[in-house]
Amino acid sequence: MFKAVIGAEKLKEAIESVSTLVEEAKLKLSPEGFSVRAVDPANVAMVSLDLARDAFDSFEATDGELGIDLTKLNGIMEMADKGDGIELDLDETAHKLILRMRGLSYTMSLLDPSSIRKEPKVPSLDLPAHIVIRGEDLKRAVKAAEKVSDYMSIGVRGEVFFMEAEGDTDNVQLEMTKDQLVELKPGEAKSLFSLDYLTDISRIAGKTPEVSIDVGRDYPLKIRFKIADGHGDVSYMLAPRVESE
Amino acid sequence: MFKAVIGAEKLKEAIESVSTLVEEAKLKLSPEGFSVRAVDPANVAMVSLDLARDAFDSFEATDGELGIDLTKLNGIMEMADKGDGIELDLDETAHKLILRMRGLSYTMSLLDPSSIRKEPKVPSLDLPAHIVIRGEDLKRAVKAAEKVSDYMSIGVRGEVFFMEAEGDTDNVQLEMTKDQLVELKPGEAKSLFSLDYLTDISRIAGKTPEVSIDVGRDYPLKIRFKIADGHGDVSYMLAPRVESE
Amino acid sequence: MFKAVIGAEKLKEAIESVSTLVEEAKLKLSPEGFSVRAVDPANVAMVSLDLARDAFDSFEATDGELGIDLTKLNGIMEMADKGDGIELDLDETAHKLILRMRGLSYTMSLLDPSSIRKEPKVPSLDLPAHIVIRGEDLKRAVKAAEKVSDYMSIGVRGEVFFMEAEGDTDNVQLEMTKDQLVELKPGEAKSLFSLDYLTDISRIAGKTPEVSIDVGRDYPLKIRFKIADGHGDVSYMLAPRVESE
């Protein structure tokens, strides 16, 4: 059983945070809200989304699992205006999710959850350095790095957070000291990441005021931020690329 | 003889309402204004445009007929700004129409009217149901229907106007009661139409506040609205698609 | 030695005025500012840019020459916001130019100046007619001419400045009298120019309030305007196309 109403903007944010990595996902329902865990097909990045019932105008759900075509759901969301409320209604017998917005109703077939890639186990990592950066600064550095390379180093040197990309002839560097960041917990850290993934993630993260980054030495990166007025948590884990070539 | 001045925005609206269906058309001139009747190449949709002399800042014309390349005329209109007045001047001996806007003059060759597809006879239909809907609601329903199908049903059920599209797995439905519409005259009606045409028509109609729709049971649809501050009438007739497959 | 700070917008204007014709250029440095002279690969158009030290927030340079990849420099400029200041810093030993903007630094390899096409000699021409036109009027006429032809005549007839393009069936004409122009010095003049070049040039010139044009009879055209709040001069010379075919 699932019946809820939510602002279009909040649902959009939530869906996009996952659809940037995968096209289909299992949405886990509980009386407390919903959550999604997914890995991208190449097993490089993992996303974890939790949307609490407080993000909704109204929310009623029993434990369950819905197989969702995220690409399609994004398309449906385009029909809603920013201020619209979206009503979600599960038709369990027909295996359909009905979305209603200002008189319009869209009946979407659900996917068989067992046909969707299994959810990953989220590893618990103890990463030495912790940074909180403004979303737009992250996005800007990633965009700049794309000009010269397909990879980007992220790390902390002394009291300075850095993001660097080296091309064949040119290179790009962003250095931020504690006072230019929201927060900095120093620690030895430098890892190399694929810009393909960082671009997708920073497009989503770039819209939020504060993005938390945990990074280590040749270790996965953790990027976390809030959505839906603080009632949603999005977190990505991104595998490093070993530099030795 | 034809010599007139009109606001760029009004002429643009008028030309686009016809060019959405055909690339060339015969423009019928009379001392009272001009009119165009045209059918699309597939004989599915028909447009009828009447622009009264009151839509013009000045207007002088004798009875006549001009063969117009609408695609080209649209291109010329792009050179005008919203507030510009367009001066139209017919050079009968050279078979050219001169368009002037802020110092710039464009001399456009006319087409031989006899080379253009004959104008259709507009059939008079007695359609049982009549609806007046806001243009943007029509456009929204058409856009939503495109997500799932190439066809859309339009009709009235009891006191409810509906537009519906059914896809292989998903479907879309808009239902509007009398109080959500500008006007509703109930009557048994449901016909299926090609979204190719409805998309083009609703892109034009979607800009006007009120669109009048007449619909019957497996009968052509009539869509009408005003342009040019009420001095122009545009009406489309769209053939239904028989549902039995 | 070269070390300077300049508003992003001013540097962008300056670079684009040259990159519209060539992809690489030699930037001549002196204590008074910098300058660029370049001809396009087809030898049809020539650009001459002078940016005075007053255009900069701070400027220090000794005489020198930098080989610049303008396409790349344009890409770097995209990372700056309108209000940003750009810091330019030459690393002479490494042959690199470092660009800094809001914490981000981009290290760009310089090209070997000797690998870049030689600078042209700017011929001194005595052109009979002189016009000062608003940038947007020039741009508008060029855009209109593109609708009908690949070439455009520019000239003066009596006290009227004209730009004309003739197509197979249609033609476009802009005529401006002294009072519609900023300035007009009459003189017998009419030359034909390629719209390929005029389009590129007028896209840049169209943003400035006043553009000065010197034109003769089957002679090159001179187009000049100010950039960077009057501290920069851009001038183009465009070869005519002989009409007799």
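In order of appearance the chains are A, B and C, and numbering begins at 1 in each one.
Everything that follows uses one rule, which is that contacts are C-beta pairs under 8 Å (C-beta built on N, C-alpha and C of every residue); 3 or more make two chains touch, one makes a residue touch a chain.
These numbers were taken from a predicted model, which means no experiment stands behind them.
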Viewed as a graph of touching chains, is the assembly arranged as a line, ring, star, complete set, or other? complete
Could the interface between the copies chain A and chain B be described as same, meaning over half of its residue numbers are common to both, or is it different? different
To bring chain B onto chain C by a C-alpha fit, how many degrees must it turn, rounded to the nearest 5? 120
When centres are defined as mean Cα positions, the distance from chain A to chain B in whole Å is 45
Spell out, as numbers or ranges, the residues of chain A touching 2 or more other chains. none
Touch list for chain B against partner chain C, complex: 72, 75-76, 79, 102-109
List of chain C residues in touch with chain B within their complex: 137, 140-141, 143-144, 147-148, 169-176, 180
